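Two complexes follow with subunit A in common, the first pairing it with subunit B and the second with subunit C.
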Partner chain A sequence: MTTNYAVQVPRSAVSLQAQQRRLHRALLSALRYAAIAIVLFIFLMPFLWMLLSSFKTQVDITNTRNIFNFTPTLENYQNVFQQYEFLRYLLNSFAVAALSTLFSLILGLPAAYAIARFRLQWLGMILLTARIVPGITFLIPWFIIFSRLGLIGTLVPLVLSHMLVGLPFIAWIMIAFYEELPIELEESAKIDGATPIGAFLRVALPLSMPGVITSAIVAFIFSWNNFMFSLVLADDKTRTLPIAIFNFLTYASVDWGGLMAAAVVITLPVLIITLFVQRYIVRGLTAGATKG
Partner chain B sequence: MYNRPHLRLLSLALAVAFALTALWPAATLTAQDNPLTAGVSNKFAGTELRLIFANHPWNNTIQRLIPAFEQASGMSLRIESYFEDQLSQKLQVGLTSGTSTADAFMFRPLQEGRLFAKNGWLFDLKAFAEADKDWNWEDFQEAARGTVTFEGIVFGVPIVTERQVLYYRKDLFAAKGLSVPTTLEELEAAAKALNDPANGIAGIVMRGQRAAAVTQFSSFLYSFGADWTKEDGTSGLDTPEARAAYEFYGRLLREYGPQGTTNMSWPQAVAVLQQGKAAMWIDADSLFLNATDPTRSTVAKDIGFAPFPAGPAGARQYNITSWALGINELSENKEAAWEFVKWATSAPVVMELQKSGNPGPRISVWESPEGLSGFPTEYAEVAKLQSARGVGYDRPRVISVGRARDIVGAPIVVAIEGGNLEAALKEAHEQFNAFLKEDR
Partner chain C sequence: MDFLNRHVRATFVLPAVIFVIAMMIVPILYTSYLSLHVWSGSARRAPEFVGLSNYERLFTRDPRFGDAVARTFVFTGIAVGAELVLGLGVALLINGKFLGHNLVKTLILLPMVATPVAIGMAWLLLYEPNIGALNALLRALNLPPQDFLGSSSTALLWLAVVDIWQWTPLMALILLAGLAALPEEPYEAARVDGANTWQRFTRLTLPLLFPTIIAATLLRSIDALKTFDIIYTMTRGGPGFATETINTYGYIQAFEYFQLGQASSLLIVFFTLILGVSLFFIRFRRRWGAAL
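Right, the complex of A and B next:
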C-alpha cells in the first residue's frame, strides 16, 4: 500500500504536471486566438461597417442602437452606377493606373538594371529626389505646362503625373533586386552570344519577376488611390475614383449610403488583385528587404 | 401649424412640380416667349461658356433650367461640379497659375471672396450690375450686396442665402408643456428641462468642432452684443459680451449636450437629432431636409422651426450669402458670361430656384407668397422673418478665413470642455490681433 502509494505520488505528480502544462498550453492558445480575434475585429470593423452601411438607408446608418438588424437595400449601388456614373470613373481610374504602371515599368526596369550593374548611384539619387520632394510642389508648374499644351481634360497629364510616384518606387525596389542577382548568370549569357540588352531581357528580367510584380502592384495601388494629382489635373470627364467619391458630399447633405457603396466599389478591385498576387508580394518584399 | 393636410398639400405641390419639370424641355421647344428667358439676348450665339459649380442643390436646379437658356441665347454651357473644398482648391490652382479656363464659377463669398478679390481673380461687376435696371441690383438684400462688395468693387452676384434657426422636437416640448424659446435665457431653461441623459436624450446639440463651430457660434456672439472685430479693426474677443457668449455656448453644450460635441460639425450633430437623441438643434436653415426628410430622420414628422432666440442685444442671428457667382478676370467671354449670370440671378429664375427649395437673395421673391411655396409652412415663416434681419456674416471678414476660424474657434472648445476660458480668450485675442495686422 505504502509503496504503491509512494510510487503513485510521483506518478500523479508527473501527470498533474503534464496536465498543468496541457492546461497552460490550452490557455495560451485560447489567449492567442482571443488576441487575434480582438485585433482582427479592430482592423476589420471599419470594413464591416462600410459593407453593412452600403446596404442600409440613411436612417439605418446613423442608428447606433441596432447595427446588424436592418432591411437591406440595393439602392445605394444602383445610385453609384446610374446616378453617379461610376462605371466611367472606374474605367478612368483603371486606365490611368494601368498605363502609368506600364510606362513606369518600361522606363523603371532598365533604369534599375543599369543603376545596379553600372553603379550609377547618382542617377538613383536623382530618381529618389523626385520621390522625396512633396508632390504638391510640381502641381502648379505641371498645371501650367499641361494647360498650355491643351492636354488638360485628357488622360495624358494623369498618366504622366502618376508616373512620378510609380517610377521611382519601381526603380528603387528593383535596384536591390538586380544587385542581388548573381552577375555570373548574365556573364554566361553573354558568353553564349547575348548582347547586354539581350542578357537583361532573357536572363535578368525573368529572374526578377517576383520583384517586378510586387512593385507593379504597389505602384498600381498608389495610382489607384492618388487624390491630389487627379484633383488638379483631371476635369469632369477624366475624373478618377478618389475624386468621384466626393460627389456624394454636397453642400447641405451627405449621402452616407452612396458613399459607402462607392467605397466598396473602389476597394474591391484592389482587394481582388492583391489577393491573387499576394504570394508574389510576400516573396518580393522579403527579397527586396533582406538585401542591404 | 405643420400638420398632415399641409404635408399632403406639400407632396401634391411637389408632385405637380416634378411633373412640370419632366415636361420642361418639351415646353421650351414650343414656347419662344418663355417668361424665364424673356430678357436673354442671342448676341453671343455660338459661344461656349465653361462654368465650375459646387455640388449644391442650387446647381441641380439650375441645370434643369439651363436648356431653356441655351436655346434662347444660342450659347452652349459646359459645367463641371465639385465638392466645396475641392472646388476651392481647383479654382485656386487655376487662378494662381493664370491658366484657368473657367468663364464663371460658384464660390463662397465669406470664405474665399476677399482672397479672390484681393488677388484680382474676380472681374468687377459693378458697372454691369448698376447698368441693367430691369435686372435690378436694388432688389438684392442689402446684406447680400454688402457681402460681395469689397473696397468698392462688386466681385460676385449672390445666389444662395442662409440663416441660423432653432430646430426643435415638437413632441418633446408638448410632453413637458414647454413653449418654444424666444430668448437665449428660455433656450437654456428648455435645454435644462428636456435634458434626459438617462433616456439618452440631450437637451440640445450644436457644432463643437473648433473651426466648424465658428459660424454657428456667431449668432450667439452677435446676440450678446459682441462681434469678431471692433470698429477700429482690432480683435473684439476681449469684451465682456464676447466672454459671456463663449461662456454661454460652452455651458449649453457641456451641461445639456450629448457626449463628444467637440468632435461635431453639422453631419455629426444632425445625426444625433435624426436618431431622436436631442430635443433641439441650432444650425443653418439650409440643412432642413436633413431633419425633415423621413428617409434620413427618424423624427421627421416632429420637427419644428423657430427663429434664433434673442439675446441681451436682441435677435441678431446671421443672415448670409453662402454662395455667389463670379466671373473670371481672365475670361475672354466676360460679356457672354455676364449674360448667363444675369439670367441665372434674374427675378423669374430666382423665383423658380426658390420654389425648388433654394433660399435666394431677392427681396421681391421673399415677399411674394409664391416664393415661399417651396418650403414647409413653418420654415417659410421663420426664413422670411429672418431674411429681413440679422448680420450679413457668420465668420470674421478677413482674407485668410481658415486661419481666423482656427484662432477664434479655439476658445469655443475650451468653453465646452469647461477649461480656463479666461486664459483661452486672452490668448485668442492676442493671436487674432496679430493675425489682423498681417491679414491685409
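Right, the complex of A and C next:
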C-alpha cells in the first residue's frame, strides 16, 4: 500500500497518525489470521493424523521421531476390507442408515406438516422428547422384545431403533419449514379440487424439498454414527461400521494402522457429505435450540 | 382414500404416533416395570417383584452409582464450561467478514459430524503413551510425558478434552448466529460515548448474548450428561471405575452383568434427571423465547 504524500503535504502530523493506525490494523488482522489458522489446525489435526497413520506400517507408526519420513502403504486398507470384512459392515451401515432415514421421512414429513398446519404442539413436544431422553432407557426392552421375536440378526431392530434417532431431527427441521411455507398455495390447490392429502403431496411436499434433503442428510449421518443401539441390537452378521471398528480393540495387540484405516473408511463419507451441505447441517444440529 | 381425506389429521399423525408409542413410551413403561423387579433376562425365570428395593439399594448401598453420578456431573461441568469459553472465543474470532470465512465455518463442522467411535480411536492413538503424537510433542518440548487415559486421576479430564474438541465448534456456531442477530444501535451509541473494545464486550455483547449462551449451554449439557460413545470405546469406564458415568454404568449393569432390574432402576433415575434438566431448558426458552 502506497500513500500519496503529494496530495496531503501540509498535514504530515495527521497522516503519520493515520499511517500508525493503518499499521496497527494490519498487525491486528495478521494476528487474527494466525489465530484462525491455529484454531483450524487444532480442529483438523486429529483427522490429518488419522489419515497419515492409515498409510503407515506398524513400524512407521511406532517411530515418533520421523513423522513424515515413511513409504506410504495401502496394506492397512487391504487388510480392513479383506481380513476384517469391512465391505459387509459398510453395506450394513449404509442399508440401516438409508432405510431408517427413508422410513423416518415417511412417518415424519406428514406428521411435521400436520403439527405445523393444525398447531399440534403436544406432538411436537413428544417428538422433541425422543431427542432428549437417554437412548439407553429403551435398550433393555428393545433387546428383550426383539430377541423374543427372533429379530436379532436381521436389520429390523437396527432400522427401527435408528428411526428413533432420525425422526426427531426430521420432525423439528420440517415443522419450522412448514410453518414458514405460505398456506395460500395449498388453499388455491384445494379450490381447484385437490384433496387435503393431494395438497400436501403435490404442493407442500415439492416446495419443501430443500428442507427434506437437509433433514434426510442429518438423519442419515446420525444413523451412520450411531454406536450404542447397534452395539446391543446387532449380531456378527448385521454389525455396522462403528461396532466393527470397536471390535478391533479387543484383539490382543492393537493394529494401529488398520484401526486408523477403518476410522478413515467410516469418517470419510460423512466428512464429504458435510463439505457439500454445510449450511444445512448447522441448522439440523441446533434444531430445537435456536429458532429457524 | 376418501376416508383418509376426511380424517386428514389422523392420517398424517397416526403413523408417527404409533411408532413413538411402540418404540418409546412402551419401552419406558417396561423399564419402569422392570425397575421394581429382579431379573436376569432368562426366559425360564420370570421377573420377581421386589418393590422399591432396587432404588433403595441404588441410593444407600451402591457407592459405584454415587461415584458415577458425581463423575457424570464433573465431566459435564468441565466439558461444557470449557466449550462455552472456547466457543465464545472462536465465535468472536470468526465473526464478521474475512478471506476464507465460509471455508473456516465448514471445516470446524467436521469434528461434530464425524463418527464418535472413529474419533475415539484417533484420540486413543494421539494419547498412546509410547507412540502417541501428544507425548512425542511433550518430549520434543522437554516436558514430562503423560499417562493420559492410563492414570485414574486424570483419565476423566482427558476424555473431557475429546468432548471439548468435538463440541466447541457447535457452541461457536450457535454463538456466532447469536452475534449476527445482535442489534447495531447500542454499539453505535457506545462508540459515540467512547467505550473501548473490552467495555463493549463486557457491557454490551455478553448481556445481549446471555439468552443464547444459556440456551447453548443447556443444550450441550443435556448431551454431555448422556455421553457414551467416546467413554465406552476409549476407556470402558476404566482404569478401575475412574471414568465410569451413569450411562456407562447402566450399560455395563444391563448388558455385561445382566442385572436388568437393578439397571432399570438406574436408568429410570437417569431418565428423570435428564428430563428435569430439559424441562428447565424448555421453561427457560419460553421465558426468553423472543430472544432465542
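Observations on the model:
Criterion: the second predicted complex is superposed on the first by the 243 of 292 C-alpha atoms of A that agree within 3 Å, B and C clash if a C-alpha of one lies under 4 Å from a C-alpha of the other, contacts with A are read in each partner's own complex, and residues count from 1 in each chain.
By our rule, a contact is a pair of C-beta atoms (placed from the backbone, for glycine too) under 8 Å apart; a residue touches a chain by one contact, two chains touch by 3 or more.
These numbers come from a predicted model, not from an experiment.
Placing subunit B and subunit C on a common subunit A by superposition gives a clash between them.
Legend: residue contacts after superposition of the two complexes on their common chain; A:107 is shown touching subunit C, with no touch to subunit B.
In the overlay built on the shared chain, the residue A:97 is in contact with neither subunit B nor subunit C. Contacts of A:246 after superposition on the shared chain: both subunit B and subunit C are touched. Contacts of A:116 after superposition: neither subunit B nor subunit C is touched. When the two structures are aligned on the shared chain, A:236 is found in touch with subunit B, with no touch to subunit C. After overlaying the two complexes on the shared chain, residue contacts for A:57 are found with subunit B alone; subunit C is out of touch.
Once chain A of one complex is fitted onto chain A of the other, the partner contacts of A:158 are absent, as it touches neither subunit B nor subunit C.
Between subunit B and subunit C, more residues of subunit A are touched by C. Of the two partner chains, neither subunit B nor subunit C is touched by A:261. In the superposition on chain A, contact of A:130 is made with subunit C only, not with subunit B.
Judged by the document's definition of touching, subunit A residues 62, 64-65, 139-140, 143-144, 148, 232, 246, 249 lie at the interface with subunit B and also at the interface with subunit C.
Interface residues of subunit C facing subunit A in the complex, by the touch rule stated above, are 1, 4-5, 8-9, 11-13, 15-17, 19-20, 23-24, 26-28, 30-31, 34, 41, 43, 90, 93-94, 98, 104-119, 121-126, 128, 130-133, 135-136, 139, 165, 169-170, 173-174, 177-178, 212, 215-216, 219, 222, 226, 228-229, 232-233, 247, 250-251, 254-255, 260, 263-264, 267-268, 270-271, 274-275, 278, 292.
Residue ranges on subunit B touching subunit A, taken from their complex, read 54-57, 79-84, 86, 89-90, 93-94, 96-99, 101, 267, 271, 274-275, 284, 286-287, 289-290, 294-298, 322-323.
Residue ranges on subunit A touching subunit C, taken from their complex, read 29, 32-33, 35-36, 39-40, 42-44, 46-47, 49-50, 53, 61-62, 64-65, 67, 106-108, 110-111, 113-115, 118, 120, 123, 126-127, 129-130, 132-144, 148, 160-161, 163-164, 167, 171, 195-197, 200, 221, 224-225, 227-228, 232, 241-242, 245-246, 248-249, 256, 259-260, 262-264, 266-267, 270-271, 274-275, 278, 281-282, 285-286, 288-291. Contact residues on subunit A toward subunit B in their complex (touch as defined above): 57-59, 62-65, 139-140, 143-144, 147-148, 152, 231-232, 235-236, 243, 246-247, 249-254.
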